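So, here's a batch of structures to check.
You will see chain A twice below: alongside chain B first, and alongside chain C after that.
Up next, the complex of A and B:
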């Protein structure tokens, strides 16, 4: 075929099917990409590092840092949306998800904006987990799936014809991959941190401290953060306002422990708070800022402390994706034999429907997480099966 | 037990109730850290200074710096001052202290402070108080600050309690039963998993601790009720298990599409040149094979 002749050298041109000669991939089909500027119609896909379009509706997605969580959220976190993590009771596992998100941003070369009232952003960045290099990453994956493949090194008996095919080559950790694995027991290497671009917002540095005016400092905290974010978005051109910027990049915003008393908000302390609308107003304006710029935001909030349930439901409504963590420590579930393999439950409370009528819901509703020494895994709760055995025992 | 409580810095919450008071445990902790050589600042609000210092030896009393808020909380005795300092001022002054060495700050009690200060301000000040002080001297050691706060559980609603719980690194709940006191301790270090411990103890008159025994960890208290394992394969009509001989027989079975050596031999026996087989037919007398219509001899 004439088309095959033009792509004999392995170079892709629009609408051509490349052969496997010279390429190490197992598939002989290549995705059709529109040539730059050649075709007149159709939107050009933004090729920003670390993003990919959703298979459902073409929405640009970024990884949350946990491939398991990406899968549960329908491929990843959509650019321009807010991911709300409802913290577990003792705040042990939600900082981990927060750090995964930031570490993914560093590995992909995105700009970070870290806001916290408790710890300094520089300290938070020092504690990010180290990305796994690829031969270690493969070994880590094999350890997870060890129980499912009991004989990995015995030659195949039935499908012996596939033995001769080359194994799929997985390249080194590069930003072309979507979703990386991290080693929680190691810290991120300093050279990766040094080459990354980040902005920090530490609340005590931004509030004016004076003994007399305690009450007036409470009202302006959220506005200061909002102005900071808006400033960064504008000056660095994430909303397209700065025409000099040619290389587009994503801004990853991380806000930790939002709504806790350290942010100056008393929704966690009293039920009838006078200024309960400040938090919701902040979320509303933040969502507007995010929708008009290339950014994604993660917020961790101690919703178990919020006394007024109406505020919790309002906050959930204003966020796009809501994930709740429930850890077993200190609760009666810790001694429950059904849950002995896991450290807690994950509740996916809300998934966004962006430009869509339906959302990509996963079939599995019982999800549990486990923090191993190096990895944070999310699995479907196998205790459902155990419940059936236990019920059978009771009925006997 | 006291060593493990005093091992790390941060906020240690001592929650007591009407049935079992926690001030004696607080004093025991103060005595232990004073004997270690640390400096102690006490913010006394609920009891007078004499009553607090009672029972401590002179070595402990020398290390104790007492900030008295009990005698004159609203600062009526010194009306000449322009701005009454109050508890918040004292706390903020404590934040700004510049003494070298590890410091323990005891707040007796946090409940008193919670009633007089807005919860948010108290949380922020406590957080600033428990931050380690980076001394600007030649050695950039990070000095540990320990804040011991006594909190009366029943006086507060779930809101302020929850807010203070999130700030604390260690929570000790003191409860009493039949003359024995139990302390349930929850350790919450950042970066580490939370652990529970329960201790039975009693505080002696000189504020040293007499430990009775340590209760097992929370998870061991409730033994597994489902000890009988149900074997689902007992009543089946087919055999799910394989014996060794059966397993060997299964492994040695050659599968139909497997390119084993026998099949290779069978293919090779044909020889490289002889790939086709020939049929030699001698047409019979009664055979009437019509080349165009092979079905001519059919009797339809």
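Up next, the complex of A and C:
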């Protein structure tokens, strides 16, 4: 059944080969004979660096840059989908996840597209964390596995319920192929940056004072970003429709602080925004673009600022994967003794069901993160769990 | 299609009611398994299906349908299935100039438009063949999902109008069925969505509501399905309602009475 199936212009599975396709054909990507996992058993298995097929349905996955988050999302982020990060209140930790995603792209040789209204993309790329080299990477893994007490400079780790689940495993694929560890205290080496391919979209450079002609019912800023993204996808051949260019690489798109007032949107300022559908329309068309191309997108959005909760729920429904960060800074949880080891909570609000009736939801729902000197770890909030069992739900 | 759900609804592909509007509702959980069920059900029942798929790509539905025993590509080729892929046509509308009016033409319009072009697409695809001899039993319109239309700038009234037109055409004139999925966010105070949901609930003959469990996530019970049979005309008989819990597996969904999950017993 798998061998005969054709992938439509949709989310890709392993073994899909990008072939030139006219617009009239239904599928841009033909699935060749399905190979077994990552050992490349099939005759013509397309293997793009930094991707691996999902064990559940052969979906092509990329790493988010945080192996712990990859495990929570069912192995990684599916190519062709949108990962929405709901920013924490003071936007301290969500840029880290954003940078991990981009750094992972650089380490794997993927093409990057960075869009921001606040910082220049070149500056964002300069601040990416440095990857841990393989020898050090293995050493860090040992430290994480062996340490019971938190060390002063251990990175963010995801620990499951200690009794029930095994220690965090990177998975059958070695860490040098899929999912790397990063040191946030160091900057990415310049030679890695120099050899990488990236495109930047800095909103102030694209603003024109007058909107000419048809407005296409999207605000000018969103429309320009959409056109920029579509242009890159088309000219560099990520959707397989450009006859000159045959691309066998992933495009990683990162959009920072989307929906904030800097993007010209007033959903964070007022409750009854007239143009509230512009953001959601953008997300819909972006999803259409992603589904037909070899790309994955991360968007960080200050959803806590959106006044109209209906928009927040619509945004969540339009995104494939939704992760929310809640930091303890300034809240009463900061002084709560149960949370003293952690910096915040991480909520996996939604995981997509792609090509499948089911999805890989993790059993642990109470997750907390902490940013240690070098790394960002996610842990099952075991102290909170114990208290919940003992005293009831007093933390919400 | 899921045999257990057929038993609960007392239908089989050979013997289905016609002229009905079925409303699928998902609250705090993913209700797309219901869409997959009805899609494969009506294709197996030899009906002509017009599927307005706004949320996922064709290959997604195809791969799941193959697990349920139906091939969407084959159905499309023999003319049984008309598939509108919302994501792909939205990209076409935005980035490539189109000459003839498209089904999702409202995406290009600035002001709150209406769904007339989409209705015309549905009407044309479910048009009965003039010769009178058709291999298909009756037409079916399947929409996944209507809440996305609200996110695309349309008002609840426009979507309700569209459903009214479709119901008049498909259910009353052509004696077919209409199935639509609506999202229900109980916390979010999405007024437009509430208007849409309430309006459709009053018009529908069958409401299937997939809800997440009130106690939160559970590995063995994925949610609760509430089935409500309604008579839109007021009669003396009361509406019949049943509640089951379900667990979604790879190729099937198993249903059981509340609290009777095999994992618990």
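Here, the second predicted complex is superposed on the first by the 295 of 396 C-alpha atoms of A that agree within 3 Å, B and C clash if a C-alpha of one lies under 4 Å from a C-alpha of the other, contacts with A are read in each partner's own complex, and residues count from 1 in each chain.
Keep in mind that, in the parts below, contacts are C-beta pairs under 8 Å (C-beta built on N, C-alpha and C of every residue); 3 or more make two chains touch, one makes a residue touch a chain.
Quick caveat, the model's predicted, so the values are computed rather than measured.
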Superposed model, chain A: greater residue contact from chain B or chain C: C
Partner chain(s) touched by A:337 [first = chain B, second = chain C, both, neither]: first
Touched partner set for A:277, first chain B, second chain C, both or neither: second
First, second, both or neither for A:291, with chain B first and chain C second: second
First (chain B), second (chain C), both or neither touched by A:347: neither
Which of chain B and chain C A:312 touches, first, second, both or neither: second
Chain B versus chain C as contact partner of A:266, first or second or both or neither: first
Common interface residues of chain A - those touching chain B in one complex and chain C in the other: 214
Complex contact set, residues of chain A against chain C: 1, 5-11, 23, 26-27, 57, 214-217, 226-227, 230, 277-278, 280-281, 283-285, 287-289, 291-292, 309-310, 312-314, 317-318, 353-359, 361, 363, 365
Sites on chain B touched by chain A in the complex: 83, 88-89, 92, 118-121, 123-124, 127-128, 157-160, 162-163, 166-167, 186, 188, 190-191, 193-194, 196, 218-219, 221-222, 224-226, 228, 230, 232, 255, 257-259
Residue numbers on chain A that touch chain B, as the complex places them: 90-92, 95, 118, 127, 157-158, 160, 204, 211-212, 214, 218, 260-262, 264-266, 268-271, 302, 304-305, 307, 329-330, 334-335, 337, 371, 389-390, 392-393
Chain A-facing residues of chain C, complex: 30, 32-33, 36, 56-60, 62-64, 66-67, 73, 85-88, 90-92, 94-96, 107-110, 147-148, 150-153, 183, 185, 187-193, 216-217, 219, 248-251, 253
